[in-house]
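Okay, got some structures for you below.
Shared chain: chain A. Partners: chain B in the first complex, chain C in the second.
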Partner chain A sequence: MSLELVCPAGTPAALRAAIDAGADTVYCGFRDCTNARNYPGLNFDVREMAEGVEYAHRHGRKVLAAVNTFPRAGDPAPWHAAIDNAAAAGIDAVILADLGVLDYAQRRHPELRRHLSVQASASNELSIAFYRDRFDIKRVVLPRVLSVEQVAALVRRIGIETEVFAFGSVGPMSEGRCFLSSYITGLSPTTEGACAPASHVSYRDDGASTLSRLGDVTLNRFRQGEPAAYPTPCKGRYVTHGRATYLFEEPVALNAIDILGDLKAAGVTALKIEGRQRSRAYVTEVVSSFRKAIDALERGSNEAVANKLASVAEGQRETTGAYRKGWR
Partner chain B sequence: MHDSHPLASAALSMVPSPVLARMVALLTRIMRRRHPHLVENFGRLDHGIIHIEPTDLPHRFEIEYGAGQMDVRLLTEDDPPPPDARIRGSLAALIALLEGRIDSDALFFTRDIEITGSTEVSVAVRNTLDREEIVMRDEIAALFGPFERPARRIGRRLDRVIGLARTQVATLHAKLHEANVPSRDLAAECDELRAEVKALKTRLAKMDVRQMRTAGNAATGAP
Partner chain C sequence: MTSLSQAKLTLGPLLFHWTPAKRRDFYFRIADEAAVDCVYLGEVVCSKRESFFAPHMQEVVHRLVAAGKQVVRSTLALMTLDREVDEARALAESGALVEANDVACLQQVAGRPHVIGPYINVFNEGAQDVVIRDGATRIVLPVEANADTVRVLAGRSTVETELMVFGRQPLSVAMRCYHARSHDLTKDTCQFVCGQDPDGLAADTIDGVGVLTINGTQTLSNGYLVLLQELAALRRMGVTHFRLSPQDVDMVAVARTYRAVLDGTVSLHEAAEELRGLTGEVPWQNGFLHGREGLAWVERELTPA
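For the complex of A and B:
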């Protein structure tokens, strides 16, 4: 079985671009707080979602809807509506994280396939088995904390499909539960769907360098020509012992294109490309590179697929992250 | 990173402001007609104003949107700084962004574009434009009304000539800089070197302590 290529789409144009570039499956979200990439001008309304599903199905591909934030206290209506609208649009599966949303989806739309979002942070057998047995999830998106060997061990034991991240931003491995962002902005990433809400991000040019700020906090300072990082608290440079360093995470992107054979051998079902907040140019570039690499792997070809993805990688740097745990 | 387009910036630089202002107004009307979803999506956003400043042009542009409308106009020298946000970059980078040919985050990471002011405004504009499949050559050809098709043909021929020139320049550039092509292993190599330097520093610190202790002992006569 070939590795399934699961690709991001923040807009209908990006969805078409992903499919045209060779995605097997595209995931997207509604234009509100119910998905973890809730940025202005991004995402799909109900009509666009149905049109996207129609386009994908016409090309024999699938669409998943991410409803993967956590409902606000006393206000579950947007999350219920998102599940109902996804089902009505003919979505192939929903990607969920919250227990209550999982419960609602299972009761109201038992026939709608459910995947467990990375936001649920289920990274061990006991946790995944709970979601599998209680909510009949068919696939788990594994957090970016596991080595290839650990992924293989999980695959052998959990009895459901696994999806792992293959390319994109690397967070400090708390997967959507960033308390620093909440502390700085007063907005919760888990309920609002943005770890650095655009409304709180600003840039200031002081002549020699550019300062990125989240709320009242300066996160970083970039000299002319120095690669920039996302304006998130985890990618901030903080001064300790008189030196400014990346304490949590450096501006670097995960890229597993060179270890696809290892991931396939580990029994992984699907590869996820991160980046619904990125442009359709990014989608086209990353998806077509991974399509070539997967096809080469299937042919048993030894020819290396030229990796040209550094230009779209954060900080122009790449890592295999936890898959190899090279820092140990 | 992105194609340079010296002909376009040189040509636009020579157009007098009043003529360019009328062209911008006409182009906006045409884009409203050809891309109704673009207007609809801009209209759904909260009100915002952003200035677009090509660094290789003597002109600046303004996009105002929200509350059901979208408008683009040429700015004059007397116009005040943007109330909300500003994006600066080469004309080629800005057109590539508009057409969705290049990733804005990549341009931001490499600092090829500069964003100042409200990120909410610049992100909203970027995302809204990225929803549409815009090809500037076709939009400009549409300015010619009944002569749109010949204009499009001329545009395509020009593109081919410019494309060929670009490829030749890019090949020459690549040859000149073959030694500088960054290796994929560079990051890993840096990590290894960093770890090695750290280990050596620790070793050196331990040796220093040991030496100081030995020197101290020698001074006091202790064993």
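For the complex of A and C:
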């Protein structure tokens, strides 16, 4: 089996661009708090979702719906509606994280395929086995904190499909249970789906350098031309022992394009490209590069696909993250 | 059964890497002197630390049980190694009352009484129903929960509901060790530098404002969560257990202050004065419960539903 290329779509145009560029599967979310990229101007309404599914199916591809935030107590209706609407749109699978949403989807739509979102932070055999046995999930999106060797060991033991991050940001925190952004902004990525919302981001030029702030907290200061990431709390500079450093993570992007052979050998089913909040041009560029790389791998071609993705990578620098030992 | 004086006080798991002797003496004193009903024991943050305290675990458990405290064994919040998973499995099979902090433990504890820790997301009725069906007898709500969430979940729960009311707020767990990084080391070569900071390592903004605290692979708030003026309202909502998270301050005195508020033997003003004396310069925070930034301090009572 060839590695399945799973690509982001924040808009219907991005969905079509991803399909046209060679995505096997596209994932997207509804335009509300039910998905983990709830940013203004992004995502799909019910009709757009159905049209997207129709476009993908016509090309023999698949669409997944991310319903991967955690419902607020007293207000489960939007999440239940998202599941119902995804099913009605003919979606190929839903990507879920919350125990209650998993339970709802399994009871109401037992035939609707369920994937476990990275927001569930299932990083070991027993966690995945719990979700598999309890909610019959068919695929787990693995947290990007595992080495290739750890991924291979999991694949051998869990007996369901795995999807791993191939391109996007390096997430050092256990996802779905990081409260840093809500600690600073009051808005919750967990229940409202927006980490470091743009409404709370500001920049201030002080002549020689630029300060980036989230809420009332200064996250970084950088010179003109210096690579800097979008100001999420885990990408900021902090002072410890009198020294300002990127304490959590450097402004680098995850790019696994050079280790696709290792991931395939590890038994991975699918590669996830991140970036539902990114432009259609980004989607086209990243998807077509990975398409070429996967096809070259299938041909057994030794010729390396030129890696030209640095220009679209966050901070313009790349890493293989936790896949290689020594990261942690 | 909703009277304030019937609420239980618990001591959450010690999150910091104290020396074995300091940790043992701390728990001996808690056993002998602290007005808490329940004590959580175990390493939540980093499995590399676990072996240090293991030789003292049994004597501490015995001392606490002899003092009439309920003892709950807490698991790691993030497990990735086989060894870590095996230890959690052994703990569950030992028959101890376990606080599950990673979903990995849920299959092991299913069908027997257990506590769902604050690192497992129970934000809504659906998730609450799933864990109660599996046998949870107490649910510790996530630190991010606001008053509406607490009101709904504690109000409808058929099991005990616990909420943290004192200490640095746990904000994230990671595979990476930031304490090690701050010393230009890695998790594998860490030299246990986290042990140098018994109340955590300050991580300030580049313009010198306190914001976060590092504790190994865990990130906490710089301030202490202080829910004192909110206790009565939380109790009316149905919260049964209030958690004090150990800091490197006089926790016996902290427990005495909270107990006095619950028992109505001290005014809120006096209790706050007392607690201020115990917590020194550390800022206080309570924003999450009030629906604000978690780092905020809100000087008002919770609004009734």
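Following the convention adopted for this analysis, the second predicted complex is superposed on the first by the 324 of 328 C-alpha atoms of A that agree within 3 Å, B and C clash if a C-alpha of one lies under 4 Å from a C-alpha of the other, contacts with A are read in each partner's own complex, and residues count from 1 in each chain.
By definition in this document, a contact is a pair of C-beta atoms (placed from the backbone, for glycine too) under 8 Å apart; a residue touches a chain by one contact, two chains touch by 3 or more.
Since the structure is predicted, the reported quantities are computational estimates derived from the model, not experimental observations.
When both complexes are overlaid on chain A, the residue A:G186 reaches chain C alone and has no touch with chain B. In the superposition on chain A, A:T319 contacts chain B only, with no contact to chain C.
With both structures placed on the common chain, the touch criterion links A:V145 to chain C but leaves chain B unconnected.
In the superposition on chain A, A:E111 contacts neither chain B nor chain C.
In the superposed pair of complexes, A:S127 makes contact with chain C only, with no contact to chain B.
For chain A, the partner with contacts to more residues, out of chain B and chain C, is C. Contacts of A:D206 after superposition on the shared chain: neither chain B nor chain C is touched.
Overlap of the chain B and chain C contact sets on chain A: residues 326-327. Residues 77-82, 84-85, 88-89, 102-108, 119, 121-131, 142-144, 148-149, 151-153, 169-178, 181-183, 186-188, 201-209, 211-212, 214, 219, 221, 287-288, 291-296 of chain C touch chain A in their complex.
Touching chain C in their complex are the following residues of chain A: 70-74, 76, 97-104, 120-127, 129-131, 133-134, 145-146, 150, 172-174, 176-180, 182-186, 188, 190-191, 211, 215, 217-221, 234, 236-241, 244-245, 247-248, 322, 326-328. On the chain A side of its complex with chain B, the touching residues are 10-14, 39-42, 197-199, 201-205, 210, 222, 224-229, 231, 251-252, 258, 277-282, 285, 307, 310-319, 326-327.
Residues of chain B touching chain A in their complex: 1, 41, 45-46, 97, 100-106, 108-111, 114-120, 123-128, 130-133, 182, 184, 187-188, 191.
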